[in-house]
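Notes to accompany the following structure.
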Amino acid sequence: MSELLRVEHLKKYFPVKRSILEVLTKKEEKFVRAVDDISFSIERGETLALIGESGCGKTTTGRVILRLIEPTEGKIIFDGIDITKLGKEQLREIRKRMQMVFQDPYASLSPRMKIGDAIAHPLLIHGLADKEEAKELALQMLKRVGLTPEDEFYNRYPHHLSGGQRQRVVIARAMILKPDFVVADEAVSMIDVSMRASILELLESFREEYNLTMLFITHDIAVAKLIADRIAVMYLGKIVEIGPTDEVLNNPAHPYTLALIQAVPSIVKREKKKMIEITGEVPNAVNPPSGCRFHPRCPFADELCKTKEPELIEIGKNHFVACHHPVKD
Amino acid sequence: MKTIIDVKNLSIYYYTLAGIVRAVENVSFSIGEKEWVSFVGESGSGKSTVAYAILNLVPSPGKIVNGKVVFNGKNLLELDEEEMRQIRGKEISMVFQDPMTSLDPLRKVGDQIAEVLIEHGAEKEEAFERAKELLRMVNLPEDRINYYPHQLSGGQRQRVAIAMAMAFHPKLLIADEPTTALDVIVQDSIMDLIATLKSKGTSIFFVTHDISLAAERSDKIAVMYAGKLVEFGKVEQILDNPLHPYTKALLESVPDVWSERKVSAIPGYPPDLRNPPKGCRFHPRCTIFKIKKELHGICNELETELIEVEKDHFVACHLYRRR
Amino acid sequence: MEIITKIVHPIFEKKPGRGLLIFGLAIVIIVILMAIFAPLIAPYDPTKTSDDSFQPPSAEHLMGTNRLGQDVFSRIVWGSRIVLYVVFIATLLSMSIGIPLGLISGYHGGKIDRALSIIMDSIYAFPALILAIVIAVVLGPSPINTAIAISFVYVPTYFRMVRGQTLSLKEQLFVEAARAIGARDKEIMVKYILPNLAPTVLVVFTLSVADAILTEAGLSFLGLSVTPPTPDWGYDLRVGQPFLLDGYWWLVFFPGAMIMLLAMAFALIGEALSERISLATR
């Protein structure tokens, strides 16, 4: 296996809107540190799940990697090319190979574009097919994602479709270019439970067919377990733990990972004992806590945690954790 | 066990411009004292509509066309608005997915909790003391009485909503997806909170789309599909020995952190309730119906009935009909 | 055009504003038919003078005759051609300038946006009729010049509306999705933003037509539109006005009523459509 994507020291800060008074009094500009110096890589054909609670920066990470928003700092190296330096046209070229599946299938399709045209459009944009061919390929794609009879679906508008069907359209649009890499941002979280499995199956089938590499962003650890080879856990803009799925789930080393996993409801393990009691809620990303960002909520925190920021260290094969006092089982 | 609420043959239709949506059809169940019953189903299965019907709050154009909701020997659907107001919030209270439904964004949370108490006859001073106590009960610091809702996080707002719902030690708490908008860790703590309330004597009617969430703290699970109650029983009965093909399929379709099996999707889509399938509403998606030729002419023709196959375990499926 | 059929086609669906919509459309269609079939409908040559001046309405002259003995009804019928011609040319012109500029301004932002916004706001701030008068005077009287003068007035209306909508549409997820598939800015504007503007453009179109009818009438009332003896409602209104005190009411009443009716019809359509759109997007 070889590496397809590498992210180095990626940062994305959003300026906090200041009131007129604050601008006039020249109050210092503040930033939300949505993504604050993260590094990781994904191998070809691998699926990395990025998990964490809302506001941890996982969605921002996905958007920055595709340069849908510009990074504040850091490098994004895709197949050997640093895409943070690419100009508009070069970026367009690379987008043939990098695609995104969005969370909200209601908002990510234009309400006034037929779904068939929406799926065919990427081919036309990149000049990969003429109108006839694009339509033909879009029809095949509709069939492939299970929206049949395809010629009937081709002419429908998004509002005629259920959430699950729309998400199939969004996936079809992303897959028609046969990309190498896909960012799937909470691809199933807005879909009804009984439909989720079929959307996951669909993504899985494309992954096999195209040998897709995926960054799968989700808050749902059960879904991550199902689809990912490796899991990265984010907390307040930082990766706190990263490693093979089974390793992270069975031997979580970061107290936050442990808390997250233990909170997930399960049918199989109904009775559960609390291994760890964490308090409070995720603090503000404008002024993150000093040292380890998790220390105010962590039962194991000591002086060191308050002052020194932990770095990712390898504690098992390919299993990294950023914690001064990793949990041992 | 003493029965707290008894729902019989409840049917609710929505009279929309596009046709009559048969959202809830002939649903019967009861909830006992200190019992936690979770209603599970997809969106559009009718689970929330049932919850609203208990307080006679089905939103327009919905109408309760048939059925009884018996609470304390009275049919709540026959009470007038004034009598109903006495029950709402006092004996049966409700929390919603979006806590802002029950909070006023422009007023401090303390004032809002106190107001509910004063309305039902408390003195001002006493009401504020009690408001503080209620906040403590839901694990919020007392000083939060001076906060406005927007100064609180989603989880904290939901705690305030629960505190308000608990002001009069209701007999029944209806919780409509109270954790859906929250992150797992906060969700877990809200679930713990509801469990504490149950231990203090309140029965829980919990609505969720997530069957694994229902698995952990409930006593019983009711599975709804396309407006019908298809299976109802104790948690172990539903999860370890599911009978209805829909329940089985649902359990197989849900990813689980601690399970090694692959998930499999339920084929097809839920039906359009303006024109539900004849017979069992699940039959077009039912794999057993597809395989067993002898069921043709039964499942796609005859209405299903909820029958008790073992103690406390009810199922509405022709496979379990008494012959 | 699909969008138009989608909104207008289900007129008979019971939705708020249905009555207004039907009423407005009926009047507009009647006037359009009148303009098309003017030679068949008008009993007389509208420019032909005769000795029968100041005849009150009668079976012979449905709306009477004017000072020159011309048949008022025939002049009304033929006059609809001028009104519709001027008004539609004018609105099409202002749309074809206002919409692209608004789109570019809203989508790209920055300096272009600021410059265009200042220009448009200053035009907008100027009283519409006076502006049109000035331009019409400079260009000289002719229907096409009137159309140009009027179009100038409505460019900012389209610009502001399109710019505002573009600002909010470009933040929509589907625009980000379009960028993710590699769409160029031009493609995003034309294929993703423009179609979503269609409903609002339609509403502004009908409302600005209603307004333009009044402006056109105002210009020709001042003698800045057509040259006599071309039949024109606004012009006839002016010519008839001095004789009102002499009791020749029909000279003023019929052209005035037509102007008002047509303007109102478009305004009603616009109102009804905007209500539908706000319902559909809710």
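Structural remarks
All chains are identified by letter, namely A, B and C, in their written order; residue positions are counted from 1 within each chain.
Everything below uses one rule, namely that contacts are C-beta pairs under 8 Å (C-beta built on N, C-alpha and C of every residue); 3 or more make two chains touch, one makes a residue touch a chain.
From a predicted model like this one, the values you see are computed outputs, not experimental measurements.
Viewed as a network of touching protein chains, the structure reduces to a simple linear path.
A count of contacting C-beta pairs for A-B and for A-C identifies A-B as the more extensively joined pair. Remark: chain B and chain C have CA centroids separated by 56 Å (rounded to whole angstrom). Centre to centre, using the average C-alpha position, chain A and chain B are separated by 32 Å.
Averaging Cα coordinates per chain places chain A and chain C 50 Å apart.
Counting only residues that touch two or more partner chains, chain C has none.
The residues of chain C lying in touch with chain A in their complex are 3, 172-174, 176-184, 187, 191-192, 195-196, 198. Chain B makes touch with chain A in their complex at residues 42-43, 153, 155-156, 183-188, 191, 209-213, 215-216, 235, 239, 249-259, 262-266, 269-270. Of all residues in chain A, those touching chain C in their complex are 63, 66, 68, 92-93, 95-96, 99-100, 102, 104, 107-113, 121-122, 125-126, 170, 173-174, 177.
Across the interface of their complex, chain B is touched by residues 53-54, 162, 164-165, 192-198, 200-201, 219-223, 225-226, 249, 259-270, 272, 278, 281-282 of chain A.
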